[in-house]
Amino acid sequence: MTTTDWEPVSGAVLPRYAGVPSFMRLPYVPEGDPRRAEVDVGLIGMPWDGATSNRPGARHGPRGLRDASTMVRAMHGATRQTPFKSMRCADMGDVAMSPVDQDDALAAAEAAVAGMLAHDIRPVMVGGDHLCTLTVLRALRKHRGEAFGLVLLDSHTDLYPPYFGGKTLTHGNPFRQAIEEGCLDPHRTFMAGMRGTSYNKEDIDYGRDKGVHIVEIEECMARGWASVMEEARAVAGAGATYVSFDIDFIDPAFAPGTGTPEVGGPTSFEALQCVRALRGLDIIGADLVEVSPPFDPSGGTCWLGASVLFELICAMER
Amino acid sequence: MTTTDWEPVSGAVLPRYAGVPSFMRLPYVPEGDPRRAEVDVGLIGMPWDGATSNRPGARHGPRGLRDASTMVRAMHGATRQTPFKSMRCADMGDVAMSPVDQDDALAAAEAAVAGMLAHDIRPVMVGGDHLCTLTVLRALRKHRGEAFGLVLLDSHTDLYPPYFGGKTLTHGNPFRQAIEEGCLDPHRTFMAGMRGTSYNKEDIDYGRDKGVHIVEIEECMARGWASVMEEARAVAGAGATYVSFDIDFIDPAFAPGTGTPEVGGPTSFEALQCVRALRGLDIIGADLVEVSPPFDPSGGTCWLGASVLFELICAMER
Amino acid sequence: MTTTDWEPVSGAVLPRYAGVPSFMRLPYVPEGDPRRAEVDVGLIGMPWDGATSNRPGARHGPRGLRDASTMVRAMHGATRQTPFKSMRCADMGDVAMSPVDQDDALAAAEAAVAGMLAHDIRPVMVGGDHLCTLTVLRALRKHRGEAFGLVLLDSHTDLYPPYFGGKTLTHGNPFRQAIEEGCLDPHRTFMAGMRGTSYNKEDIDYGRDKGVHIVEIEECMARGWASVMEEARAVAGAGATYVSFDIDFIDPAFAPGTGTPEVGGPTSFEALQCVRALRGLDIIGADLVEVSPPFDPSGGTCWLGASVLFELICAMER
Amino acid sequence: MTTTDWEPVSGAVLPRYAGVPSFMRLPYVPEGDPRRAEVDVGLIGMPWDGATSNRPGARHGPRGLRDASTMVRAMHGATRQTPFKSMRCADMGDVAMSPVDQDDALAAAEAAVAGMLAHDIRPVMVGGDHLCTLTVLRALRKHRGEAFGLVLLDSHTDLYPPYFGGKTLTHGNPFRQAIEEGCLDPHRTFMAGMRGTSYNKEDIDYGRDKGVHIVEIEECMARGWASVMEEARAVAGAGATYVSFDIDFIDPAFAPGTGTPEVGGPTSFEALQCVRALRGLDIIGADLVEVSPPFDPSGGTCWLGASVLFELICAMER
Amino acid sequence: MTTTDWEPVSGAVLPRYAGVPSFMRLPYVPEGDPRRAEVDVGLIGMPWDGATSNRPGARHGPRGLRDASTMVRAMHGATRQTPFKSMRCADMGDVAMSPVDQDDALAAAEAAVAGMLAHDIRPVMVGGDHLCTLTVLRALRKHRGEAFGLVLLDSHTDLYPPYFGGKTLTHGNPFRQAIEEGCLDPHRTFMAGMRGTSYNKEDIDYGRDKGVHIVEIEECMARGWASVMEEARAVAGAGATYVSFDIDFIDPAFAPGTGTPEVGGPTSFEALQCVRALRGLDIIGADLVEVSPPFDPSGGTCWLGASVLFELICAMER
Amino acid sequence: MTTTDWEPVSGAVLPRYAGVPSFMRLPYVPEGDPRRAEVDVGLIGMPWDGATSNRPGARHGPRGLRDASTMVRAMHGATRQTPFKSMRCADMGDVAMSPVDQDDALAAAEAAVAGMLAHDIRPVMVGGDHLCTLTVLRALRKHRGEAFGLVLLDSHTDLYPPYFGGKTLTHGNPFRQAIEEGCLDPHRTFMAGMRGTSYNKEDIDYGRDKGVHIVEIEECMARGWASVMEEARAVAGAGATYVSFDIDFIDPAFAPGTGTPEVGGPTSFEALQCVRALRGLDIIGADLVEVSPPFDPSGGTCWLGASVLFELICAMER
């Protein structure tokens, strides 16, 4: 098996809208497939929105992103990277997550990522809501045996206290939980883009108390994104770092298809530049979450999400 | 306080699209309001879809139905009934159901219905997914101390075994659970409209074994709905009966906004006739469930659902 | 100038979606065009919804119907009629009706129709809301000097009393006004399809008192549309008759794009058959009203409306 | 390899909206896959609309139908058939058809079908526009060496003469071409559902001259679909028969997502009954064509199309 | 009654999509409610678009904004203001404005605002089209006995001469009328954001002749919004000032749901900054107008409008 | 005939949504109309997408743009130009281009433009996909006898090699073909806005080898659009220049309705400024292409496209 077998078919051969849609037309390598041993970077879907506090639909995210991502071509327009040549990337399929049982769903997801890590596959998780990220962080923590850094691009910190009285975990607190569980090193945790109304800013206060670097939107806009991302690189440093991208980081004019949109965010151009600025970090995993196709009538959010995914993969090239 | 205070404002005074939208423009009588003691029929929203196995969005149902229901006028066109004159009807608000915790959500919903029953308010529940119905059945069972009958109009039996391995309860098995828990008398339980592909028909076999009367769509269409509903009345008999209406009973051309549509169903005219045929039964509670506004781009499903709700209320007139 | 000049260009020559869209691709013969003297049947748009009590948008009806109507081909599929060969039909353009001044708008519309009648052009009015019809009835009454008959297919009688306290005229009372003004002979006035909730049925009582024949939906469905339309022909008789078609006559699954939909109506097949049954009447004018494109996301209502318009024109063939 | 390997994963294990979407979650068996030798019935996509005379978008049909078809469960609700147990069915992928070169596209498609026939795989083609059907008919004709019968459910005969002056072939004439090329036996060719305006009925006259049985919509509605399909079975007889289903056969209220809708058609219930009535024929191939997702905002057309596909496959069970 | 009674229920208790939707979940205090005496700031809906010259639908604005505004949380993200703690804010309901009678509608609206002013409630009007603003200006003028200043953020000056020949008043001239009637002090009137094609710039010439400060979009973009708003504050000065925000100020990519969009406007981030810059002015009333939900398929315009409303309320904090 | 006859009717006389929609309400001057001799600038529709490699629908562009363009008023807001006074502009109708035959379609389009050039009418072509542009370039080349310059605003170079193996021409290579055929002078050819993933950058390399000036998006954003357009003017120089505007130049948040969107582009404000910067060039023809209404649910792309068209026409004023 040569590297060529891992490259997606070109849109000049099979039109982009044709064919069974795997992520970016990559080979589909489900559990049990012998090619797993060769995969470098694995895209894995978590079609689950069981921790969503507002509008649902992120369970349809992996399907929507697979569809849109067949429009991605092989070469990065600006950097001329060809990540599918330099790395063996694959679609690992979706985790079977129960839509009605949070505990089961999270356990299944963590196990699936653990299975990838056992093969030294770097995970690129496609959500699903943001609590899905916690399962990747947990698996990485167990696999690596120590905490790691985080760069989060999002309109929310996801450091909120539990709400609704019951279950501790929602899509509003994966990073608080991950800090409490020792997955993340808060001093190497960087967050940018936060905005919108707030219950009480307790999340930001909590994060800063722990040492998390949080740059709210007013500061981002005032300083410019290049400066913000320079800080991100400095905070993450040379150590192992996870990158999480919530599609609601981007202004809802560009990304309406999400559950908890916050107006007043960056453009798609700025968002892609932010991801591109992460090249050179030691990225041990990444995700794109909270794309909700039922709220995306023109399909633009899925297409933007697919573009972000490609940018993430390019940033992971070593 | 006279009966007039309970009548909705007319669309000839305040245009239908104006005003804070309560169900059918009825008085809003939340918990703690002293007028609760006077209410005869209470519409209560259960904005929850935490048991949905397919496309979510029914959590937005009560909001969507309140909005559309302000187009309902005071008098039934065919029967000339004016239910808001003959009964004190009210919008009891929505239950605060956690979107991330099934146990909490179900308990809160059952408690809310129990609170209504304590005031002798007949509940008309507006879903939410079909598992919400179980909370009403449980409250009624506890309040009445005995099992009661059921008429279900639906494309599914909702007598399925548990799936996904974990949680027992999904929106696919409220009636199986209700039979097991002794809420429903299976011999006084009637179901019509079932259709679509099936895993294995175990649900139908289970129901028939228990004594449930199930009329699948082919038989409905062959016999005609008048005959089907005559049987429904005969099965329910003179005893206490609950009526559950899943919007996916109706063909998705008429009601696209639902999570698990099944093609090949009745028209809206037929569906309204079916509900109308229930007049005279001793209806102790009713519901309309599974309206999912994110899948209803033209708003037609909400409007049809509101029309069904009005028909249900008219059928409950004593 | 030969008759051929009046025939629309074929979709086999210029694709249906191409070209400046006039109604059914007929010649555009605005005021001042010398060809007006030759026109037999004139389609005239009234882009106005200033009398709408519920959801607006019928002002966009003529534009939407022009667009969809370019999909109409030359020959009636069932009757093999070719009305654009047998009659000189034309698009007379739209009346310039002020969206903010009811009096001005109605006067302009009536004058435009009067101008057509002066050339012996039979009007086919494309609304706009149903009050537009009153302007055609008034112009016809003045031109003919006597009352005439009416066939109305609608979900409402439009015989309502004034509402909102102010202006007498709304889209809910053109026919009441037309009876009061002596435009219509109530004994030769026939209405079918009425349904939905009602304020108080005063409209129906008023109509029946005057002698209007009203067949509500339950009777229509029970008797079948062929029988209903036989009665329509009998009521209208041999005298001059106007035909008014409100798109909300048809069930909103088929025609969602309207302002005051009422569920439980006929199918598109039944609706077309109803119009077809009017052939042989002395139709002095006709209309299609209440198509509201903003509520028609798939465009199906405009296409159905265009199909009804073609059926009306075929029914007017002498 | 046992038969079980060919059965789709259940929605009770992997939620229906999850996973890489192949047709009905069947195994994906592209060209070169050794399992091709075992396939009985192969679903093959033809994502191409290069012969469309009106609104395009059918090129997106296979993608849309794969997505919706993951909602199909294993057992037919009415007949209790389990076709994926009794037959080895597979998703054969999409043909790489050039969107800009009709000749190349048709040749590629015919070759792909020929490749399936060489393995004794019965083709179920998923369009794409109706000209795609011609490629299947041609391959079958060459493979079998003789003409065969046809049952067509459609709102158009697709027996039109060429238009636009240039290319002979459009989606309006595959069956005329197939008759001229000797693929079809016109005396064993049956068509039902034809309606809408016409250029000149030349298509119907041509067909009847050749011996084709054509039942237009008025006759269908008057006789009832059971009688119509009885005639279909009689015409097709015991010989080899192809079944072609154009989604525009069904009324656009049920199936808005198509390029050339014609109002006044059958319901989805009636349409499924029509397909079901074909059981027992010797069906050598089938197709579903003309689903155009860009005109299907609620996704209902894709879901209805997937339901028709399942019904077709059940009808092909021997 | 303590201040706590005036705070909206948190989304962490009742999910944001649940409950009867009042503006920002504030208490509903309709006419006749004794709590009116305590209200500081009252949100009042004017569901009326009877002066709209282009696409209608703003009558649905208050309903759409109530729905979206339940996503607003209690604390401003950047300023940490909690306006619902510092001021008693309430939803005063909608004015019953006749959709068919401009004179009646305007009189009813003005009377409703006058009733609020009599209780010293500062009005925040939620439109409705821009002519609704005139009713607030008139009531304020009568209540205060003198002219006041204005800050208008809009893509149009709304200083146009009358059009359509008839009624003087349209949504294109509220401010011209308000200047003529002595409501506004033109020298303390500031407008920014004007753009798009024009009939003849007569509106701008008229305004500048009167002393109005108008900053067209090219100048806004060249100077930056901070500079523009500094000028706004300088023009308005220390005196009483009204703030009017037309949603079409913002680029239609961010706010498609409006009747007369003009491309080339500011982003949502910039727009919020502009409103925030008004803090410190003596704001005697404010409005958000021209949101038209029928043209807002993804709901983003309503959500942006609700965000602007919250920003306006925060700017009104004293 | 005076110049006044060439001016569009004002929206203050006939509401913008009324009337048969020609481009910008200009006179419709089809082939054979004697007024052709007087036309200075002719808008001609090419409703054709037969060279589209991705999502189709641009064939509906001219219809959609005619509709939206009736919202354009007579005077440019910033420059106070009134191009319909200074030039006789007209809607020349649509070319009858076969949707199924590329050769015929291109020949018909070129002939139509040649016919305009024979009357000294400067063409403004409204697509249609980008291959339509080639027909204009070819006609101009033949008419002028020499190569000319080009300014292209686009997200793609459209200098791609042929794909799909068959037909040489697609919407991805009109400019490569035009260079090869000698229509364009590559040294006077300027392109800006290029971005997105790439097959292999062969297109950019080809262009630069030939001498084409290509400014990719990163450089555009870094330098600012004013600088970029200064270079455009310098490259084009004083000679005859064609301007081609692909709507996908603009970010898809502003222009979702196109077939091959690329995220990360300019805003609508920036795009209009770019066109405005071209004033003073010797523009011999222009186009706006790739608007695809089926992917434009809110209509915003058509409105933006119409605004670009007006800006183009103003730039062509001499």
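Going by the order they are written in, the chains are A, B, C, D, E and F; count residues from 1 in each one.
Going forward, a residue touches a chain if its C-beta (ideal position, glycine included) is under 8 Å from a C-beta of that chain, and two chains touch if they have at least 3 such contacts.
All of these numbers come straight from a predicted model, not from anything done at the bench.
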item	value
Intersection of the contact lists for chain C and chain F	D, E
Repeated interface matching A-E, over half of the contact pairs identical, chosen among C-F, A-D or B-D	B-D
Classification of the chain C:chain D interface as same or different, half of numbers criterion	different
Centroid spacing, where centroids are CA-atom means, of chain E and chain F in whole angstrom	38
Chain B-chain F separation of Cα centroids, rounded to whole Å	55
Chain C: positions in contact with at least two other chains	13, 15, 17, 53, 55, 59-60, 96, 98-99, 164, 251, 253, 267, 295, 297-298
Interchain pairs in contact, sorted by label	A-B, A-D, A-E, A-F, B-C, B-D, B-E, C-D, C-E, C-F, D-F, E-F
Chain C-facing residues of chain D, complex	53-55, 163-164, 194-201, 216-218, 221, 251-253, 256-257, 260-261, 263-265, 267, 295-298
Residue numbers on chain C that touch chain F, as the complex places them	13-15, 17-22, 28, 45, 47, 59-60, 62-63, 66-67, 91, 93-99, 297
Interfacial residue positions of chain A with respect to chain F in the complex	10-13, 15-17, 71-78, 80, 251, 253-254, 267-269, 272, 297-300, 303-304, 307, 310
Touching residues (chain side chain F, partner chain D) in the complex	49-53, 55-57, 59-60, 96, 98-105, 164-167, 169-170, 294-295, 297
